[in-house]
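Okay, so chain A shows up in both of these, paired with chain B first and chain C after.
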Partner chain A sequence: MSRTEASRRRFLGGCLAGLTGNACGQGRAPAGQAKQDPAAGRSRVVIARDPALRAGGGPDSARLGKLLDRLMQAFYGVDNALEAWRRLVRPGEVIGLKVNCLAGKGASTHPELVEAIMERLQQAGVRSRDILVWDRLSEDLESAGYRIATGRDRARVMGNDLLGYEDELSAYGSAASLLAKALTQICDGVINLPVLKDHGIVGVTLALKNLFGAVHNPNKYHPNTGDPYVADVYMLPPIRQKVRLAICDAVSGQYEGGPSYMPQWSWPFNGLLAARDPVALDWTGWQILEQERARRGLKPLRDAGREPKWIATAARHGLGTNDPGRIERLEA
Partner chain B sequence: MRALGWTALLALAAAAGCARRAPDPLPAEAAGWSKGRTRSFAAAELWRYVNGDAERYLQAGVVRTLTAEYRSRNGSEAVADVHEMSAPEGARRLFESEPAAGSRAIQVGEAGRSYGPSLTFRRGRYFVRLVAYQDSAEIAEALIALARAVDARLRGAP
Partner chain C sequence: MSRFQDRRTFLKGAAALPCLARAAGGARRAEDEARYVAEARYYEKLPHRKIKCTLCPRECVIDDRERGYCGVRENRGGIYYTLVHSRVCAANIDPIEKKPFFHVLPGSTSFSIATAGCNVNCKMCQNWDISQVRPEQVRSLYLPPKEVAALARQNQCATISYTYSEPVIFYEYMLDTAEAGRAAGVKNVVVTGGYITAEPLKELCRRVDAVKVDLKAFSEKFYREVVNGELKPVLAALVALRKLGMWTEMVYLVIPTLNDGDQEFRDLARWVKTDLGVDVPLHFTRFHPQYLLKNLPVTPLKTLERAKAIADAEGLHYVYLGNVPGHPAENTYCPRCRRVLIQREGFFVRSLHVRGGRCEFCRQPVPGVWEKS
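Right, the complex of A and B next:
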């Protein structure tokens, strides 16, 4: 068994443990609360890449961990990664990792990345049992290589189908949805872990759209290339208040044919992106995808009839900035 | 009266014909591949499988989607999706809507394309996609072999 495989098995095997439900830290003041006020300054987006990140078909776990450390240090401007994580989370908090597993293996948040984040959260003082890896459906998680874990003594890996939704609708603008209890009741803070990829209807799916996995009716929000739905869903208060950071899994990027996995339209980006500002991250990710489309001779998304106008709408909502002059793009 | 009786009989036969389906177009074993988990999604539930991507299948008239995970003897993994449409035109529309750039034509179904680690083909009112998680010439050929096994089951299906 390779080191990577052994390590992953340890992680997945350790994903047991108990949902303590509503008692898990509701009302505590979270650390690292994302500031959604673009007027306060420029929004930092860090891109870290490693050309040798891959080992065989997937990422090398050791290299991915180092890349993650480099990303976090650059994002927080600190000398060591642990200090960065301590700025993001506090001991005693319940931290959710919102992965994106719709596409199964190939175009989902890599378990190796989640494993690396979990290790660092624990080093920063978060208990294993206070970590929840979640997405819309448990079967999506399984398809992406995660093992469902619902026990009460270690980290949990579960879908909203097991965790449940609120009974009352939350609404903003065009959005009216039941929110996932993972977000509203269980987690004090959420780290958003989208994937860098194209979307056949709404153009791209990155940080903002990944929170479609926190509502019961995402299928209702795709008309008009997702505008203003993607922005409106993110305006729902628990999402705005609890998502602290987005770390985009860009080990591979997919520039066409998403959100399903299409290997023929994927390429090795070998990187990670981080931002507190989801609008800045989405705008940056969109430009990366457009560059790759241009390199491959594909039409820009605007000409393909699926420009992600909801990014501008999200900026108008005050969720962040899509003004390149106000995005501080750092290559780590 | 007799005409009415025949009409009713023909209507029943047509309804029964519409309900007929290929029993399971995804073989348990084929060309070195073994089938794992299989799922079925009716049109109204397809979004649970592909979320926003469901829209283009719905517009093309999807009736249901079958999907199965496959593992080869050497450990390679793949997913096979069989989209059953209401009419052959829907399968044709889906097939032709996807860029052919970087593909090569393959002799599977009524039209087929291999992109290397994935392929698509159509047969009657079925649109089929096979996707592997590894990329090599051997995988591409193994996918084509699996596709031929699926196609054989679809041949003659209603």
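Right, the complex of A and C next:
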């Protein structure tokens, strides 16, 4: 039996064991944040790919798990995946996995990826019941292949519609929103799990924009191709402080027609991207999408009237860098 | 969040209605959601299951499973739906003066309803907790059009008001309710920001009796920076209302430092005089710190009085001050004999000297809606 299979069995056993307890983790010191940046002054973006990742319609779970390990080892510069995860989370913490499920199956964060991450989190000491898979709406999660789970004795899978929002506004610049309690009250740390795809209004939707799912009014933030809204929302302190890492699901990419799933504009990228710097990740993802657009004969997003200028705005806010000279791009 | 003010009064009148009693007493069930959904009247289908909403000047292009800026209209598989038909998040019986309408059935009450959502995002919004949320984020009642009309009659309301949030975004519900109201002998009045395109406005005007437009400022800069909208379409809507013969009143919320300059007041008054006419009532109302403008002070009375003096000097006949209870500028004066026609104190009418649409003293016509259905 492989280690992965054994781990999965242990993970599922943990889910079903009827563990009880309070999932809230307020007051704990967060992991991941205090650690030195691996690229020392530069923002590391790791891209891991496996040409044989897909099996049939979706990713092969075993290969995806191995790809995830390769990604994390490269990002943290360690030769052991577990060590990488231990640098990201600590036992006793409540960890949120912010998926992106608006598009349903085909252009949402794959459940296979989430399953692999949950498994690694538990190996790193996070209890099953301290994991929250979360997005804006429960129905979006279901449409992307997740099963809603609300019990406190195992990993929860829920939308903000069930978890609720704060009563007081949080504001920064153009953004004024009620934040999701998943972010403010439940999770000690969040792993951001966007999808590599085009967006018909704001250009692309990657790490920064995925946090629109943490506010009650994302519909207010699409004018002017999302600039400065996307950057301003990410500046809200709980978002900035709690999101520790972005792992972008690039099993498939979609270079046109997003955020809805449009199979005719989807292509097998067979990869994952990781970055702590959301700006660097978004800039890198944007370039990947532009390259694919060019390869397919589509005009650049700037000429299509939807250049994601908010990436530069986010850089000016100090959320990260969009300067290619300061992005350390590693192919794992 | 709950916005059922004057709840005791409201529910007392409404208790006989099973639908309301049920909705008020229990939690909303998932299967109830479907009854709030109706296909939108104004949108265009685009390739790849996208749509373009044509209800308001924003003209949102919306992907499948996404919502428009208003947050209450959703593209489902290439068909655009309103999610707030009969989904009332605020219901009250208000004096008509609270809207404010000063030339519409003075001293009457208005059955006032709203749903969640808005097509702009004003930093000074006093109802942001219902206007800037999605319908599922606020407690709502199921109140179909005929029930609204019945409640209005039962509570001796002369009108139904579509108000509090932004009625343009619950357009279909407003139209259906206005029709039901008319059938029941109740008039319909709309309190809006006027951010609506020409065709829907035209259709609306066939069903309602008066419209009050909140003109937020007289500068595109303000609309861009404070309202998250545009001034030009609002001015176009005001002109269209007048051309369609709709009774129209205007409110201008005077916000210190943002829209309180003499020149802006003067430009506004001149535009009203030229493009709408001197008989359109203009209410300058006092700002109180709200929502995202809590850093600004309450509007000084002197500023309001200056605004009125400028508008009076430009020749407008009916310039009022609002949110200053007891001020003489709350009254309506005859533009010819200068006698007090309607004496008000806050939202209450103390005396009324308009008879058959004329000044009781000098017979000068006084424009407005004075007769009940």
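The rule is simple: the second predicted complex is superposed on the first by the 302 of 332 C-alpha atoms of A that agree within 3 Å, B and C clash if a C-alpha of one lies under 4 Å from a C-alpha of the other, contacts with A are read in each partner's own complex, and residues count from 1 in each chain.
The rule is short, and it goes like this: a contact is a pair of C-beta atoms (placed from the backbone, for glycine too) under 8 Å apart; a residue touches a chain by one contact, two chains touch by 3 or more.
As the structure is a prediction and not an experimental result, all values here were calculated from the model.
S.K.: So if we stack both complexes on chain A, do chain B and chain C clash, or do they fit?
M.R.: Partners clash after overlay.
S.K.: Quick one: is A:165 in contact with chain B, with chain C, with both, or with neither? Answer first, second, both or neither.
M.R.: After superposing on A, A:165 lies in contact with chain C but is clear of chain B.
S.K.: Which partner reaches more residues of chain A, chain B or chain C?
M.R.: Here the partner covering more residues of chain A is B.
S.K.: For A:245, decide between first (touching chain B), second (touching chain C), both and neither.
M.R.: So A:245 meets neither chain B nor chain C here.
S.K.: Where does A:212 make contact in the superposed view: on chain B (first), on chain C (second), on both, or on neither?
M.R.: Touch status of A:212: first partner only.
S.K.: Answer with first, second, both or neither: which of chain B and chain C does A:301 touch in the superposed model?
M.R.: neither
S.K.: Which of the two partners, first being chain B and second being chain C, lies in contact with A:176: first, second, both, or neither?
M.R.: second
S.K.: Quick check for you: in the superposed arrangement, does A:105 touch first (chain B), second (chain C), both or neither?
M.R.: The answer is first: A:105 touches chain B but not chain C.
S.K.: So, A:113: does it touch chain B (first), chain C (second), both, or neither?
M.R.: In the superposition, A:113 touches no partner, neither chain B nor chain C.
S.K.: Looking at A:68 after the superposition, I want to know if it touches chain B, chain C, both of them or none. Which is it: first, second, both, neither?
M.R.: Neither chain B nor chain C is touched by A:68.
S.K.: After overlaying the two complexes on chain A, where does the chain B footprint on chain A coincide with the chain C footprint?
M.R.: After superposing on chain A, chain A residues 102, 104, 200-201, 219, 222, 257-260, 262 contact both chain B and chain C.
S.K.: Which residues of chain B touch chain A once you look at their complex with the stated criterion?
M.R.: It is residues 39, 47-48, 50-56, 69, 77, 79, 98-99, 101-103, 115-118, 131-135 of chain B that touch chain A.
S.K.: Give the list of chain C residues in touch with chain A in this complex.
M.R.: Within the complex, chain C touches chain A at residues 48-50, 60-61, 63-71, 121, 132-134, 136-137, 228, 291-292.
S.K.: Where on chain A is chain C touching in the complex?
M.R.: Residues 102-104, 140, 161, 165, 169, 171, 176, 178, 200-201, 216-217, 219-220, 222-223, 257-260, 262.
S.K.: Give every residue of chain A touching chain B within the complex, in rising order.
M.R.: It is residues 57, 102, 104-106, 137, 139, 143, 199-202, 205, 212, 218-219, 222, 226, 256-265, 296-298 of chain A that touch chain B.
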